[in-house]
Every structure is written in C-alpha cells, then in structure tokens.
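Listed next: structures, encoded as structure tokens.
Okay, so chain A shows up in both of these, paired with chain B first and chain C after.
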Partner chain A sequence: MRVTGKNSGRYSGLRVIKEALTGHRGWKPAWRDPEPQKEYDIIIVGGGGHGLATAHYLASKFNITSVAVIEKGWIGGGNVGRNTTIIRSNYLLDGNEPFYEFSLKLWEGLEQDVNYNAMVSQRGILNLIHTDGQRDAYRRRGNAMLLNGADAELLSAEQVRAECPFLNFDNNRFPIKGGLAQRRGGTVRHDAVAWGYARSADSFGVDIIQNCEATGFRIKNGKCSGVETSKGFIGAKKVGVAVAGNSGKVMSMAGMRLPIESHVLQAFVSEGLKPIIPGVVTFGAGHFYVSQSDKGGLVFGGDIDGYNSYAQRGNLPVVEDVCEGGMALMPMIGRARLLRMWGGIMDMSMDGSPIIDKTGIEGLYFNGGWCYGGFKATPGSGWVFAHLLANDEPHQTATELRFDRFQRGYMIDEKGSGAQPNLH
Partner chain B sequence: MLSLPCPFCGQRDETEFLNAGPAKPARPNADVTDSKWVEWLTVPVNTIGYVEEKWWHAKGCGKWFTIKRHTVTHEIKMPDEDGR
Partner chain C sequence: MIIHHPLLGPRDSAEFTYLGDANLIDRPDWQDKKAADKFYEYQYLRNNPAGEHQELWYHEAGDRSWLVVTRNTVTHEITKVELARDVARARGRSK
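For the complex of A and B:
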C-alpha cells in the first residue's frame, strides 16, 4: 500500500552519502501540500504529534488512507514543538500503565516504522527519593511497572551518587535517599516526531492540509458529517479531534463542555554546556525535571502557572519557583544562563489522565486531556485513536480513558489529589 | 507578574495570593440528577475571555474575593464593572 519514494524517497545512510556526492540536488519536500478534497473517510483536526501519529497508524495499520489532517497553522507548531521531550512509562495505575508501556514500545521501533531519524535516545529516567514514605511509594510504583511489562529499578543513595554525583545529596530539608530508575525512558527530538509521522502518513496518501483552521462542525440529528474550515467545508464519515490545548475551544463548536481546564506550562532551555547530566532526572521534593539536549542545553520544567490561561506565555513567579527547585537539586547549574523559555497551553483534565473516546455525537471522536504528559504518549495515542476511529471500539490499553469515568466513579487519579485540574 | 486588586490592601503582587479557580455556579440541590451533579463537580468554566475567579490573599490580609480576568490578555476588572 505504501508508495515509498512517491515524494521524498527513502531515507538512509547510503542516501546521505549519495546526495552529498551529487550536490544534494535529489532531496524533495518531505510531504505534499495538497488542496482539500470534497470528502474523506476520516478527518483529523489538529496537525500535532497526536493527530499526525493517528493518520500514520490509520494508513499503515488499519488500511484507511482516505484521511486528511487539517491544521490551523503549520504542523508541529503546537505542543509537540514546545515540550521537554521526555519519554517514559513509569505510571502506577492499571488504567494508565499498560497504555504508556504500549507507547514506549512504539517509541523503540518508531524510527524504523516511519523511516525518519527522531533521535530516540533511551538514556534513562531517574525519579529521586527523599523520604522513607516516598521510597515505599516508588517501590510500589516500580512493582506495578514490572507487572505491566515495563522495566524499573530501585536504586540506593550510593547507586544514585555513582550515576549523578553532582546532585545535592546532603540538602538538610530534602536529602536524597535513592531513586526509581527506568532505563528504557529517555528523550526524543520532538519536532522530528511530527515531521516523521507527517512524511510517513503522506507517503500512504494522507492529505496534510496546513493553514486550514476548523471553524465549526456540520452536525445534523446528532451526526457529524464534516468540518467547516477556513478553506471551506470538508465532508467526512468520521472526524477525530486531537488539538491538545485548544480542546475546550474546538469541542465547544460541537456544543460540548469538557472535564478539562486550560493552563499554561512553562519550559526552559539553558545555554549549551558540556555533557553533565546523563539522563532525565526528576526532583521528588519539588516540581523540577531536567535533561540535557544533544546540543548541550539543559531542558527543564516545573509546575503549571496556577490559574487557567490560554495565553501562550508564562509569568515570572513560576520561573523563579522552577529555578529554585533546580538550585536545590543541583547547585552546579547556578552559573548557567537561561537561553529561552516558553509557555504552552495544557488541557488539564480533572483527574490528570487523558480521554480517548467517542462523543455523544455520532461520527465525532475526541482525543485530549493530556495535561502536561502528552509528548511521551504520542505513538500510543496515535495508535489507540486510530483503533477507535477504525473499529469504533477502544484499544485494549485504552478501555479506561473514557469520558464517563467521572460519572462511574472510576477516575484515574495517578497523583491521588482528587478532582482538581490545577493539582495534577 | 499579575497585580491583583485586594479589596482590603489594594494592588498587590500575584505571589501574595492563591488562586482558587473559576467561580462555580451555585451548588445544586440534593435532588439534582446524577449527570448534572457530575457536571457541576467536574466540568469547569474554561472560557477564552473574561472568567470570574476567586483569589485568596493568603500571604496578606486573608481576604477572599472575586475578580474577572481575561484568560488570554490577563486584563483584570472587578465583577461589577460591567453592570453586574
């Protein structure tokens, strides 16, 4: 089915050498720039990581190639372009962990699957332990991960010291007592994920339509028959919405209100430094997580700003709070200068877990509520959303990620903080 | 940094306050249907534009108050400024 070479050809090391020797005249655009057709089997609203992954898996695994991805700006310009690039599957609850482990397994084969170098680097993630109670909790979490086929390793303080000698072990308030490591976690070049999925989906004949904003849904008698866009009406048998921070806005065009509140989350990059941080490290006593990019910049983040916001910029108190967390954990970064920071809009769900489900409107499907954990879920989210769109049944790892879980009383509250979107 | 109008202390920096989320509609009566009750509990006001929200001057006078804040521009006005 796949038309490899239709547009940009197959990428390989040999190809790079060949192009280098022939003046790089053979490279073609990685995807087409088509005008929308009158009708598709499936329209995906949102050309981010999740939407493009959905299109790729619809075409490659479910043989549905009459698919359009419509994007209001350029693809990969939303949250897949603004995150801290971490992949992991260190979740506790049954409703979550099988899904995230499924996603992590897809990361491991992603580059071969889409024929694109996404720089998937399994450099490991280390959650630090600061109290005895936290060690118990992490031991339980590690066991839950093992039961679901993931990897987990409980480390002593000495083992953590051997791997990360630069941490502040003897902080009087938050001494480091150990850590929970997931060696298969790591980081991925985030933009390449969007581009790789887009290029692959395009090679199957999926239309990726940029600068095409959804302005409404055509809904009659409880059935959705297409999307009104800035490029006119496009008909579809099914419409899948994967718009992350814009979920509330887009679904309100279908008259739906969601158990989601939009918040701004900031992330930060320092100037380029020599390699100092081996993998991803998370502070267990504050909210701070850090890794080092291949260019050398420290990539880190912390809490959401604390009040709902659609402004794609953050406020200074949280900058100070995050940097304080960093200084408490690794004082060596005190002399590093902050190069840039940005704010993205998070669709914070009520229990901190996502929703991938049908809606009350026939032919309209929703994928959102990723809070600030959407990047790691990209391949899994794409696959299970494609499964739902193709089969009208949830994928076996996503049976709990439903709208009605609040009504049924089966919240997936990973953090145990109750129905408060700004606490997750 | 937001500058918030505490009714008792006047304009103060955001760091002195805690946000308590959007002001909810009144709590429904006990005879409400299950779905309406769940909606009240779990479906927040998530407007693009002015949202009425509660703040607590936690590191100040302790006053609770309600303002309207624009969720894109962060402009702030008092709830009664537009005729309420």
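For the complex of A and C:
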C-alpha cells in the first residue's frame, strides 16, 4: 500500500510555510537510493519520463509494486530533460488521436495524482495556416480531434492577429490566413515530470536504481528472465524497455532489429525576455515552433538534422534553417540572442508513430519509436505500457501501436511520407 | 559535417540529402519465395548502430551522385566516402 511520499512527506502549501518557519530542516530526499534486489515482478529499463510513469501507474493503478526502474545515468537525464516541454493532442489519425487525448487528460490531473508541482500550464497551442489547402487540412484535423473528444478551434486571420499581433501576417510568401487552436494544449515543467513520477513510484515501494546500465538480457528458449546490468544480474518475470532514443542499441542486445532509426533533434533557448508569446505557436509554412518559458526564454525548435546520430548535438545547417523559420514567422525574434542549444536523440520510426507492444521474446516488452513527440505522450505512454505489462493485452487506445503494423500494411503515417524516418 | 566527395572534394553536408542505411542498396529479388518477408525487412528494419554506420547520401545540390559514407553516429566523424555505384558493383550488382 501507498504511504504518500513515504520518504519525503506529503507536499502542500502549508508544508512550504511550515518548513520556511523551521529553517527547511524537514525536507528529505524525494526518493530512496536502493540497491537492486535479486528479483522483481517487473523491471523497467530506462528511468526517463516514460519508464518512471510506467512504474507509477503499475503501482498505483495495477497494484504491482515489485518493480524496479533501472537507469544507466541519473533519472530524468535523457530526453525528458532535453525536450521543448509541449503537450497537445492535435493528431489526425484514429491510431494516434485517442491515445494522445488520453495522455492529455492525464496531464490535466497529473499534479494531484502524484502530489508534485509539474507546472502544467494549459496556455494553448496554435498551428498557423498559410494557404487555403492548409485550412482544409486543419479543418479536417480539427474535426478528427473533436470526434475523439479533444478540443479544437479554427481561427480566422483576424482572430490570430488579436492573440498574436507580433506575427508576420503579410509576408508575401507565407501570409498567415488563420490557425487551428487547441486551448488545452500547453507546456509543462519537464524535469518535474520525471521527479514527480519518481517520487510517487518510490512511495509505493518501487526501487529506482540509478547508475545501473542494462548490458544484456538473459534470454533462454525464447523467454526473457531478467536483465544483466552494471550492478549484476537482476531477475524479473517481465522486462519492459522504455529507452526511446537508444531503442536500437538496447534491443539489439536482445537480437532484435527495429523499424526505427536514431536521429538528433536540436532545441534552442533565447535569453530571458518579458512575456510576449501567449502559448505555443507553430509555423505552418516551414518547420518552426516556439513557446516562452516562465523564466522568459523563448524555447524553440524545428526539423531534425536528418541523419542517424547518437551524438546529442547537431550541425549548423539546421541551426540556420530553424532560425530562418523563426525570422520568417516573427521578425522580432532577430533582436533576441540565443542563450543555449542542445540535441536530443529520437527514435524515428518508419511511419512517424510510436510502438508499445510485446516482442517476439516472451516476457520482453517494448515502448519506443516516439519520434519527436515523446514528451506529450509521457503519462499516456506510462499508463498504456503499464496496462500491457500487467494484463498482456494492449490498452484500448494503443491497439494500433504495434510492431506488426508495418508488415500488415497498417501504418499510422500522419504525414504520409512513407518509410523514410527523417521525413516524419 | 564535411563530406569528402570522391570526385568533387570536400563538400558541405547541407548540399546532400540523406537516405539511410547503405543496406538499401541490396534490394531483394522479387522472385524469391520469401520475397514478401525479405522486402519487409529491407524496407522497414534497421540495424541502427551507435558507432560506425554505412549510409547513403545523395548529392542533390551538386553532381547528383549517390555516395556511401562511412560515419560514426556517436562522434559524426566520417572515415570513408565511396561512390555508391562502385559499392554496388563490388557487391555483385551489374548496373
């Protein structure tokens, strides 16, 4: 049973005041630092957002607490700490939209669920429209969203102008003709997501084992019985792998080839500015998206670099391309200075959509292929993966997110660009 | 990244478009009994190594040649560049 915040106590406003008055001597580490046991019911490989969320939901919704999360570095040090923090559920296809809407609903209750302030801010996301054809496409997408219980709102150019007067509306090549808004979209404090899930999972008795790299799987007669790690062998009835970015590398230790390539995506933050951008804005004529953090920095990004990479850093042509997109959309950005930039490694799948499925090896389960949409999926991915691990059946929102869809010809290809990962 | 084109010398990678794993040269035989499975593997599955990787680059803004580039995916260091034509012929392809 759960003892809320067993280690660190329950967080609340009152607690903050109490601690402030007593010299902050009552705060304790938010999770334990245990040595691995010999065996668990379930081992999650990967202590990122998805792995920790999986552990949290396994314990809280499926009553499985003999769980370890093993992480090669420190938790939250991978892609959950390297993304642009956007949440949304504005997908078109039936295989995707119910899942992402499920995830967005979980974001809305996340902080109460895990008793942690993740600064979930539903400041809205706005996809800009530049041509009549694009308006038709966004109208269709908005309708698909509404049919799946999400919110969507088609805006005229005047409505967009009222909300974002700083955009370059009368650009000769890319005039802004409207937008598709999802008001429930927004941003979240990404590190706090990892920490909140970790603290909650720990309070249920889940062991979070850091600096513990998976070095192999123990597989005999097509059955996985545990994970070889840098801290020795750990046995498990089931092993779930949630290491997006490194999926190709990790699953190759189980002898699997995946419909996935690893690519680098760069992200950028400007110096801190006064509040100017109300929500998340995406450019429809190029690939550029921007929001403003609570500290004032403009957080933005664009295309992936486009070649296989595990390097967590990109090259300059894409930096130039992203900044050109920004200048075309909102010329005022040219006055801001770039503060920092970095790269994260994406699992780019063959149709641009994720995979949450069993593998051909009994007891080995896979969660990956998130392309550059993994952050928004964190709660949904965790719940759905926990569901699969607990019940051996896919969750109702993830019945299409399977390995065999490529072989059967049931791709979930939002962009329709085919088996070319760097185009998704 | 600078790609040392075998004919044109050092060129900026921005002149190229990237296709992927150089195994895409080895298109399966469509008359093979297991052609459906082989085409599935050819089209969709990747080795995706962290380390040395052979890959196809197309010199779109240049001489339109296909190259096989051997590059390290961890450091981005390029160690070898060949014309894809030569690589394909060396693997027994006639055209």
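Keep in mind that, in the parts below, the second predicted complex is superposed on the first by the 423 of 424 C-alpha atoms of A that agree within 3 Å, B and C clash if a C-alpha of one lies under 4 Å from a C-alpha of the other, contacts with A are read in each partner's own complex, and residues count from 1 in each chain.
Basically, a residue touches a chain if its C-beta (ideal position, glycine included) is under 8 Å from a C-beta of that chain, and two chains touch if they have at least 3 such contacts.
Keep in mind that what you see is a predicted model, and the values were worked out from it rather than measured.
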Once both complexes are superposed via chain A, do chain B and chain C end up clashing or fitting?
clash
By the touch definition at the top of the document, which applies to A:306: first (chain B), second (chain C), both, or neither?
both
Applying the touch criterion given at the start, work out whether A:27 contacts chain B, chain C, both or neither, answering first, second, both or neither.
neither
I'd like to know which partner A:407 touches here: chain B for first, chain C for second, both or neither.
both
Considering only touches as defined above, state whether A:74 meets chain B (first), chain C (second), both or neither.
neither
Return first, second, both or neither, reflecting whether A:421 touches chain B, chain C, both chains, or no partner chain.
both
So which positions on chain A get touched by both chain B and chain C?
248-249, 257-262, 306-311, 315, 317, 350, 406-407, 419-422
Per the touch rule, the chain C residues reaching chain A in their complex are 1, 12-14, 17-21, 40-41, 43-50, 53, 55, 71, 73-76
Quick one: in the complex, what on chain B touches chain A?
1-2, 14-15, 18-19, 21-22, 34-35, 38-39, 41-44, 46, 48, 51, 53, 69, 71-74
Would you pull the chain A residues touching chain C in the complex into a rising list?
246-249, 252, 257-262, 306-311, 315, 317, 350, 406-407, 419-422
Over in the complex, which chain A residues touch chain B? Could you list them?
248-249, 257-262, 306-311, 315-317, 350, 406-407, 419-422
